[in-house]
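These are the structures, in structure tokens.
You will see two complexes here that share chain A, one where it goes with chain B and one where it goes with chain C.
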Partner chain A sequence: MWAIELPPFVPFYIAAVLAYFTHGKLRSAILLATPILGGLHLLMVPEGIYWQTEFMDYNLTPYKVDSLSLIFGYAFHIAAFIAVLYALHVKDTVQQVAGMIYAGSALGAVFAGDLITLFVFWEFLALSSAFLIFARRTTRAYFAGIRYLIFQVTSGVLLMIGLLFHAAETGSIEFSQIGTGSIGGWLIFIAFGIKCAFPFLHTWLTDAYPESTPTGTVFLSAFTTKVAVYALARGYPGTELLVYIGAAMACFPIFFAVIENDLRRVLAYSLINQVGFMVVGVGIGTALSINGAVSHAFNDIIFKGLLFMTMGAVLQMTGRINGSDLGGLYKTMPRTTLFCIVGAASISAFPLFSGFVSKSMVMSAAIEQGYDWVWLMLLFSAAGVFHHAGIKIPYFAFFAHDSGIRVSDPPINMQLAMFVAAVLCVTIGVFPSLLYSLLPYDTGYNPYDATHVLAQTQLLFFSALAFVWLNLRKMYPPELRSTNLDFDWVYRRLFPSFVKGVFDRIAAIGRLNSALADRLVALSPTLAKQFGPDGALSSTHPVGSMVKWVIVLLAAYLILSFI
Partner chain B sequence: MSDPDLKHDHITDDRVYFFDKPQNVKMLMRVFYACCAILVALDFVINRYTYHTLENLWAFYPIYGFIGCVVLVIVAKWMRLVLMRDEDYYDKDEEARLNTISRPRTQEDHHVGH
Partner chain C sequence: MIVHLSVLQVIIPLMAAPACLLLRKRELVWAFATLATFVTFAVSVLLLSQVMQSGAISYDMGGWEAPWGIEYRIDMLNAPLLVLISGISAIALLAARTSIENEIPENRHSFFYIAWLLCMAGLLGITATGDAFNVFVFLEISSLATYTLIALGKDRRALWASFQYLVAGTIGATFILIGIGLMYVMTGTLNMADLAQRLPEVENTKTVFTAFAFFIVGVCMKLALFPLHLWLPNAYAFAPSIVTTFLAATATKVAVYVMIRFIFDVFGFEFSFTHFPLQEILMTLGIAGIFVASIVAINQDNLKRMLAYSSVAQIGYLILGISFASQTGIMATLLHMLNHGLMKGALFLAMAAVVYRMGVANLSQMHGIASRMPLTMAAFLIGGLSLIGVPLTVGFVSKWYLVSAALENGWWPVAAAILLGSLLSVIYIWRVIEVAYFKSVSNNTPDVKEAPASILIPMWILVLANLYFGMDTSLTVSVTQMAAADLFGGLL
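Entry: the complex of A and B
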């Protein structure tokens, strides 16, 4: 266990096997001990350690440690611990085994030194996480899980093809800077983009995450997209296209989030919005912006997990998650309410909460590098995040009109998990140096100067004022039971109805053919007369008659040649 | 989700909670408005450095935050006109497809969580 060369995914895979064969307290102990011991082990692992092996003439590096992979490694151990603690009461082997494999695969991916190893863990991530969606065992979850799997597997296939191209072009499968200068580079870029929820490739996330179990979504929110951010930070730092993709990701989901009724789907949209900030950071590519992207990923894993946990608690206790059905829960769920507010303050980047110390880095980097419009977009989305995630989530779930639902706070393990996450949010917010010391670069950045604090506080208070004003003017869109069309409409409605149209045409042609066949059948008595046993065309003739006819023909030919 | 999901009963209680009292809400709102006013006033007191010329405009951040959010909500309301459908918009298709592949599914479909 303590061998320094032991890759961090191994304990999680072992725990998954053990979890399958054990139950009750023993299983709980194994599940909890894995991220704790694994995390302590990782703290002792120095940078630069690696493990190499040969495979079909390729130099594989299944385990490689540097500062970038280490910080994601720490974050994933924390996330796994919190998620396991949160799900400790769940008696569903599928979820517990899948959760462990999923967390282990994420760790395997961030410590992968080559693209083939990355591909293997990329696929394990896809498969194991799909079971967390299927585990909800509803019709919706079943179909959402299938669609999710199709997206994830497509990403894996593109990564596979891309890495083959890349290997042929460069002769190396090392996972380092790839860039978009070649076909292989582009294919891998799109593969990462799918997992990173780029615009138009994002619908798997908003489709499937809200359909998972209350505890499954907490796992899901932590790993897949952050592995993709890591992969982009490793392979495509400084790719300018990412700045614009990221800015789009930061902006468009907040519009959907404002009108969405399912509060976990609101959080799914806001997850894309936060990942947008990270993608911008990776795209700018300076030391400050990469630090910003990485630290924001670290913080997002915790505060987004916290928000999903509070909404999971609401779903678990009330059986409802639509804003239109909820309200007034603060009365009997005071602790969950408090945790939700901490999470909301963190994602909104209030000073003294974790989001502030990382988001401001990306914004500062954008303005320093002269991306004025991108900076304005990020500023807009920073205000918008507060609007939908910071205010809307706590307001419609815990305050607003009283729904009359009176349920208590969730089981103690769920409360503890939320408590741990909330404490981390505040601790990182108050003592950012704890987080900064883990970052890949030393930039001497200080978020707590008068300029940043005042600007951010003004921005947030006045977006809150906008919320209050719109509410008082009755202009705020009420929560309505509804489905909002997103890009997934194209493959859930447009494409199927197009295919149905084509098949209907084919069926029509088939009907035409069968009419033709009827004609042929009607014709058959006549044909039978000719070709039947006594028909003129089926009678046999002796060889002699053939010879006779040949002679006749030759004679005719002879006569004709003399004329 | 539909009613079978509801596992816990409604308990109607007569207790009066913090925000049930209008004076508490009023007080909270007053504190909030005061904070907003103070934050704008601080602009004159604190001499901050700026990266961008826009930041030199009077009360740039408060105005940007306020207008940004109002625009966000208005645009989102327009989007509803185009994008909003019934809650079971996709469900009907899925139910139909489920019947064609005749996967054995019964009450479990309505069972949330565990």
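Entry: the complex of A and C
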């Protein structure tokens, strides 16, 4: 057995460096081999702590393996493999290097045994993923990427502050149950929450993911939010607040998803909705619900990846992604259509598809623990998912009115990647025990009993019925080129205009009151000028003003010390 | 030989300077100055290891015993600083020969190296000496040499910046002299250790208060504490780039060291913090400095000036660490002193490379420069990350201890201010990254190539030091921890 101590992120980082210096077939081989070899290596690693080191006054544990981190580790390897395969035709060093660092950082984060290591990978995750967005190389993508980065960095800073508080309070930086019992705990909670796309903190996701490249979004959908789910499952299992946050996350995106036109943005909303299920699972905190959350994360990585891949294929081949511009593609993209339907069936939790075997665990746990209302909300959102992701996506892209676009299926590597994901979706759906054997707890849960299957099938049928009926009566929200306002309106419009208003007001008062004008104008919009290259604070001063300050300071010292 | 190390530390560069005059040929002068500096560096490393093994070293100059003669005293507090000064100087001199080619007329190159050696001798002297008056003497030596070095800048504004610094520096030095004089009047001694023993007897007199006030204000002038920083941005911006590298990484640190030495050792913790409202004043000015200077830095076009303002902000952190008046606080300050030397050294060397190729370091002319000078801008990026305080770099380590010290005191808003300050530095570093990496190259810029190896190698030595000491903290943390414990050992 070689180098069992080798942390899983290392091969990915090495591959990133190699990818930078190689090109063509060699680069493809390196990129493909990394997740395969890394995954096989991880399969042989038993639980334990493999790397400890001293840093400042603390014991770092940069590599620690247990059942919770292992299952995420497997999932990330699979996701990385699929995403790399999907992006194999891309000739863009930035994307391929960033993708490798990004996947590696996600692995580093889930195997981090202490909070400092987690923080390091948290930041790497943020930085490397931003480059996947920038890689679209449009102005829109650039600014979306910057906004994305601001959110991610804020999350990192909060994690850092929380970590400092936590370390000061407990004297330990071990990454285990943290809980919301202290300020540090709360700060870390919010930091995780931003990455996890909690309601009102979610706008970076729906803003930035659809702006990435067709292949970049596949990477993005797999890692960031799942790392956050993992972090919550590690640090905050059984925090009741999470149940309600998760239920809200499962419900609110439905409404946005139904009216959204950009199909990749629809998927971004549905990503939040699926993460909501996982958050509920973590919040309930029983063995069954944690299992549910973890396995749903595992499945979501694959089926959401599959859906993003099919939409990426559509975008790549047609250059369009709005529902209103598409339709009738099934005629010339039959395989992509099929893969999309498999993904749609999985996310909608059809029996025999992967979503079914994990989503039902969370729902069962909710009802077992007496969260009746939450269960109802989850039920509603399960119906909603089917509606917007299960039907809307394939329907508007591949069927609906014929848009007249005739493009073929995408390149073979993209088809292969989708094929692998689709096979996994069906395999896990048919043989759930494969997945269950990897879970942290042994609950003996069986998804295929009569109640579950019947209830879920009924739900799906009625949901489908609603879609058909609404469409026939022309009451279904049509696909329009429109801008739907989400909460980021507050960050991007309301808040800036509020600040500007305040400054304008101050300036107005300043103008009225000439005696105070000088001081207040300094606070008004000219604030920027004061600090600017020509402003008072940065301009070059005559020698006398320096002397003046010396006198002021000396006088201050003397007066303060004599009184 | 070994027993004379303490004095050799200062004497080697001091003697090497006039020797340079005899050599005349500029290549030869450079080689000799660099050699002398490396020997000095070796001496300082030996001194540090000696102090770590067997405690403080006391050396009586010319055999005159301590309170009467001049004492050189090397302990945990100043030994690491000696290493920093001589180390940065050695590394910077490696790059100096190339860097000054385009910035200083050839006939002045020899004078440049002489002034450099004198400046270094002065800085080392201030740090090594155990005598208050000796501090003043070396302060003058280093200051005069610095004025010369700054005035060598090719921009005509360098002359004016140098003059401004001269006035400011002279006022600062005069205040320091007044402070030392008043102390001498009250105690009849100039030896620091002796002063520390005698001052408590007379500490409740107005003369001692005045002495303290003059001394501290004078030092604040030298270390460019906001709002006494006005001389610094122009001096750094218009001095030859390599001079800025050396000064930014060492000069202000030495002033901070003097401040710590006098506050904690000479006057004593008790006097400084209980009889005197030092804590409030330093904290207010420190925080104000962090914010004002960082925001000003955000709006600069000249990157040397931007980094100069960033230095003012970093001095704010150093002063903030002192104002915590705790062992962790002092440790954070000491750590940040060393770390900031490394990061600013790397950043200004990167700017020196840009100036070497482009003539100026204006952001507006640097569109897409990362594609032309990838190694230089990568160094700038890592240095910038270190400045921000990203993990795996030295900046993270010192910010960590600073925030820990703030939380230890229960000063949350201060901890928040430190982190906000870091966010501001994200903005000004990002501005550069955005222009250098994301803007396409404008057509009307002259062809710019990667910097020559003679600048790149020293630059990357410093960058790697930033990373190395960011990951392996055992040396820096243990040294500063011991130094802080020594400072507080006296009063426990």
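Here, the second predicted complex is superposed on the first by the 495 of 563 C-alpha atoms of A that agree within 3 Å, B and C clash if a C-alpha of one lies under 4 Å from a C-alpha of the other, contacts with A are read in each partner's own complex, and residues count from 1 in each chain.
The rule is short, and it goes like this: a residue touches a chain if its C-beta (ideal position, glycine included) is under 8 Å from a C-beta of that chain, and two chains touch if they have at least 3 such contacts.
Being a predicted model, the structure only gives us computed values, none of them experimental.
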Checklist entry - Should A:Phe467 be classified as contacting the first partner (chain B), the second (chain C), both, or neither? => result first
Next on the checklist: Taking the superposition on A as described, I'd like to know which of chain B and chain C A:Leu43 touches: first, second, both or neither.
Outcome noted: neither
Next on the checklist: For A:Lys91, using the defined touch cut-off, is the partner it touches chain B, chain C, both, or neither? Pick first, second, both or neither.
Outcome noted: first
Next on the checklist: Tell me the contact category for A:Val423 with respect to chain B and chain C: first, second, both or neither.
Outcome noted: neither
Checklist entry - Given the touch rule stated above, what does A:Lys331 touch, chain B (first), chain C (second), both, or neither? => result first
Checklist entry - A:Gln458 contacts which: chain B (first), chain C (second), both, neither? => result first
Checklist entry - Looking at the overlay, what does A:Phe255 touch: chain B (first), chain C (second), both, or neither? => result first
Next on the checklist: Quick check for you: in the superposed arrangement, does A:Gly384 touch first (chain B), second (chain C), both or neither?
Outcome noted: first
Checklist entry - Which chain, chain B or chain C, is in touch with more residues of chain A? => result B
Item to check | Where chain A meets both chain C and chain B, residue numbers | outcome: none
Item to check | Residues of chain A defined as touching chain C within the complex | outcome: 54-57, 116, 119-120, 123, 134, 142, 153, 157, 160-161, 164-165, 167-168, 528, 531-533, 535, 537-538, 540-541, 543, 545-547, 549-550, 553-554, 556-558, 560-562
Checklist outcome for this item: Residue set of chain C touching chain A in the complex reads 163-164, 167-168, 171, 175, 206, 209-210, 212-214, 216-217, 220-221, 227-228, 230-231, 233-234, 275-277, 281, 292, 295-296, 298-301, 309, 390-392, 397, 400-401, 403-404, 407-408, 415-416, 419, 422-423, 426, 438, 471, 473-474, 477
Checklist entry - Where on chain B does chain A make contact in their complex? => result 1, 5-8, 10-13, 15, 17-20, 29, 32, 35-36, 39-40, 42-43, 46, 48-52, 54-55, 59, 61-70, 72-77, 79-80, 82-91, 93-95, 97-98, 105, 108-114
Checklist outcome for this item: Listed in rising order, the residues of chain A that touch chain B in the complex are 90-92, 136-140, 143, 213-214, 254-256, 258-259, 261, 315-322, 330-331, 364, 367-368, 372, 375-376, 379-380, 383-384, 387, 399, 402, 404-407, 450-451, 454-470, 475-477, 480-486, 492-493, 496
